[in-house]
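Alright, structures below, take your time with them.
Shared between the two complexes below is subunit A, which pairs with subunit B and subunit C, respectively.
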Partner chain A sequence: MSLIRHSLYVGVVEKPPPPPLTEEQYGEMEPKYPEGGHYLSVLRPHGDDCVRQVFEEMRALFEQNQQDVEKALDGAQAEMFPGIRMRHAALERNKRCVLAYVYNRLQKIAQMRWEFGSVLPADIKYNLAEQEVQWFIKYTKCLATYMRSVRAEGGLDLTQDLKPPKSLYIEVRCLMDHGEFETQDGGVILLKKNSQHFLLRSECEHLIRQGVLEHSVH
Partner chain B sequence: MWSCKLSTGTVYAADKEPRTEHRVLVLVAFEIDALCACKILQYLFQCDHVLYTIVPVTGKQDLERAFVEHSEGVQVCLLMKEDDLENIPEFRDVFLEDESDEDDLDNDSDDPETGQKKRRFDEAALIKRMEKRKWEENRKKILFEYTEFSGYGLSSSLLLYDMAWKMSKDTNDLLWLAIIGVTEQYINQHVERDKYMESIAELQPHVSRLNHRPDDEESSISIDCLKVMFDNELRLTMYRHWSLFESLCHSEYTTCKFKIWTMKGRKRLHEFLADMGLPLVQCKQKFTSMDVSYKESVKDLFKKFQDKYSINEQDLFLPSFHAQYGYKNRYCATDVIYASEAVLQDVEKEYSDSDNFLHTLDLLNRSKTECMEKGIEMAKIQLSALVKQVQSFLDANLVISAGPFLYAFVQEGTPDVKFFAKPINLARLARFTLEAYCCVSRNKKVKTLPFVLGAHHNSDMGTMLVIGIPPVLDKSLKNCFGKAFEQAAATTNSRTLHDFFDSHIIELKSEDRSKFFDALISLLQ
Partner chain C sequence: MSSSHDSRGSQNFEATGDYFSLDDILATQERIPCTFQTEVLNLGYIDPSLDSSNIPKGTKLELPFWLAKALCSRRKQCVTIDLPKHYKEVYRDVFNADANVVDLHKLGPYFYRFGSHLLHFEHPESPDIAKSLLKVFQARFRDIMDASQNAYDQDMSKMTEKLDEMEKVIFFHGQKGLKDLQMWETREGEKIKISEMVINHRKRKRTHLDES
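Right after this comes the complex of A and B.
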């Protein structure tokens, strides 16, 4: 997703906004979504700084326009209008980009609800803005309410088996020492590094997502 | 460990309808046969949705620890290990413990009865005591005889394959695993040739049954399917993936036969190749790139000239199987064994034993061809180190006769010492060295002497691995060193660790070496 390309108005405005952004800073402001990367790298910290800079820019543009419009009304200087229009277009574009950025992040967060469950890993949570956390909680509530209402007896967990499973049980390998794990039927299994287990798919799906287990395929 | 035999039978005997609430704990030793058996079992369990946990165990202590850790909630425990002691003493000779006797004794002595009854009881008790003492002596004797020699029994993968077949769940893949398990026992000289041939004869009908295809178009199968074929294989180590020349220089039999470590021996090998009409240039390039006409006639040529060079056909040819899948992958059973053992004994520091275990399981997976190729390369490196070590033993006359046995040590600081700190490699080195020494030595007696080999093991602990193997001429392959090591250590208070499943391999504190060996010499005289 590309976010902001301000180079359009630089040179058109008589006084450019105080902090002129360099090319490197543009790059920093773009949230990156590497393809096929690990989930941690997908959601980068909320670009507060970047967004604030965009807002400052927009304020500067707006003030400039305000002054020019007043001048134009007073003296009816027709040559001011193209500049005003240009700045207005830049303003609109910035707005669109910021909205797209926020929207995309929300989509990603919603997807994470399906992948990680209602509790986000700490490192991901750290990268969320306060409002996003609030939104996540609301989304979780909404989803939970819906899932409860689907079936009369106790609801239905929609987040399980996102892809249709081929078998009820799968073979997993333990990637790290995780300690004891209690299965649905009350049995206790010791998840120790490099041990292999044959488990119910539904039980170990979240452990696979957390990276504790690895599904070994034959 | 005959527990394997008993318990594998019982899982399925007891659970005709496999019950999923039973979790089976499978403890697997670091041996290829055990790994193959484990894979067969995995398949069977998966078919029946039996839950299981697989834990690799390196030695007896590890076994105990793993069992304690994982046994919670486990109903059945299986131990996958290939060695198996023959002539198991009868149950009642060893475990009979007449507890009621003791109770009677206690009760009666408290009994304030008349003297006569007491006396009568005493007579009976005396007889009973005498019987018991006799029984105990007998028990001790039987147990000693039982543990005096150790040997190996039926391959556990063959056993499990047999079970799979009886359950109509046998596939070509399982058959291939059983073949690997059986061949591993023979390659590592765990069983004699007759026994191996018996197993092969048992496997052959299965191979023909599962690989039978009519020639018409309809029943042809994809090239990616596994095809197993019987073949009279050349016993040249991995020659299909190496060059013929290198393979000749690294195979136990040919190296010893030609005495390749001498100039004369090299010349003789060249002469042999020249006689067969194989150009050296062709022999030294990769076997796959050899001229097709040579490649196809290699076996016939070897057969034709074996008499001239007094090569024993039995030693050069081995009835075995090879597998083909895809266009490129063609492995014979011994290739797989060398590759997987190399991976199992990987000396890379970043991998733990259990990592190596998983890598080997991956290698035995047919779909992961790159693992297999890597394994073959590793096997070549380890084998070269081994041959170099044998050569340096012979060049420096490091094999010494101690009277009742021969011995040698791999010194610390030898370049490839790390390879020999692993039991399978050490055992292979011991056999190779003994074989080579017997070929070079003028003394006829050496063929009847067993061999003890020590190698530096762990410098932090200051320990060495010691292995004892039976003499070359002893074809029964019974190993007496397990008990001998135990007694030698006990009489000299040497600090030893009898942790390996094979009792003839022990860990010994390097400082205690001389007194341990003195005791061993006097013990075996």
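Right after this comes the complex of A and C.
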């Protein structure tokens, strides 16, 4: 059995977990605070190794408990029970930690759909586990299907107009070279750094949220 | 097993059972001094200073809350618990004298949450602890509220570093309200902003580039 001194935390794994101790020890979590805010808004790499260690420990705890339960049933040894209870508590605890870890990461990943859009930046994707990437794709699909179904014609884009719109067109300023951009009416404009444009709000809101354009308000 | 399990199906984990709440997991990790009332076989490795492979009766150990709770059910008590010192009478007297000067972050950082978890044990002093927790919060709330509603664009780290995690949440909610109001007054609210995650992502990239 290995001691798990990992930091299951959304921002997780502050430092690599120290090598497992040879001595048997029960599940232990040493959570670390990510510096600055309570919750980091960018995910750390998935703590695969930590989770695997937890699973290994849980398996060991479970097997030991199975043996003890059999012994206790055979000889009706009441003195076995405190140990069984302790291991069981450790099992439950580890289960809770891992589930909470997975759950909270998924929450963050769902939020990313709204903030980054349907395509994640490569380096963020790199920090996700394979299953998490699959989950993100499914989430995006679900959201898209739902948004299509809201109105009979054309659907409703929920990621638009997060703030109440005041006008159809807005003035924007380009913060970086983004190349050509085709507007709905077929025209093509060149989004060059520091150039200013007057665009349909619905078309450029995403680009503003991505930090390509800046909304100028007077 | 416990109430935390039942709440898994409910929507708002923050307010109710907290099975998935990281704060609650951290809070239930705090240690409590325990005395074993029965011998526990084959678990001597929990305390490296024990020579035997069993935990003998009468051993005193500091166990994390979740373990102590599991071993301390009403049906059969394997351990008896002692109160952590921050919840004992000496400290309660200190809080009574002036709760505002105490550094709850150092004593906690989940002072209230852990404190209310402690009440599960039905320790004889539990009612006093409950009363004391409420009093401490009442005494400190005024200052927190005051600071969060009036400090605009100031460095508040001196104050916030003494706050318990729950107080911090309250403080930052207050600050956010103040900022939102300010934004609304200056008509900043209608401006479409770059999303928070994108900003943080960029900052990270930049520090990454600086390092290499």
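Operating definition for what follows: the second predicted complex is superposed on the first by the 156 of 218 C-alpha atoms of A that agree within 3 Å, B and C clash if a C-alpha of one lies under 4 Å from a C-alpha of the other, contacts with A are read in each partner's own complex, and residues count from 1 in each chain.
Everything below uses one rule, namely that contacts are C-beta pairs under 8 Å (C-beta built on N, C-alpha and C of every residue); 3 or more make two chains touch, one makes a residue touch a chain.
All figures in this text were calculated on a predicted structure; none of them were measured in a lab.
Legend: residue contacts after superposition of the two complexes on their common chain; A:His197 is shown touching subunit B, with no touch to subunit C.
Once the two complexes are overlaid on the shared chain, A:His215 sits against subunit C while remaining clear of subunit B.
In the superposition on chain A, A:Arg96 makes contact with subunit C only, not with subunit B.
Subunit A has more of its residues touched by C than by the other of subunit B and subunit C.
By the touch criterion stated above, A:Glu115 is placed in contact with subunit C alone, subunit B being left untouched. Looking at the complex, you find that subunit A touches subunit B at residues 168-169, 171, 173, 185, 187-190, 192-199, 218.
Interface residues of subunit A, counted against subunit C in their complex, comprise 8-10, 23-26, 28-29, 31, 38, 40-42, 64, 68, 79-83, 85-90, 92-93, 96-97, 99-100, 103-104, 111-112, 114-116, 121, 123-124, 162-164, 166, 170, 205, 208-211, 214-215, 217. Looking at the complex, you find that subunit C touches subunit A at residues 1, 19-22, 25-26, 29, 38-43, 45-46, 48, 64, 66-67, 69-71, 76, 78, 165, 168-169, 187-202, 204-205. The part of subunit B that touches subunit A in the complex is made up of residues 21, 23, 42, 45-46, 49-56, 69-70, 72-73, 352, 354-355, 357-358, 365, 367.
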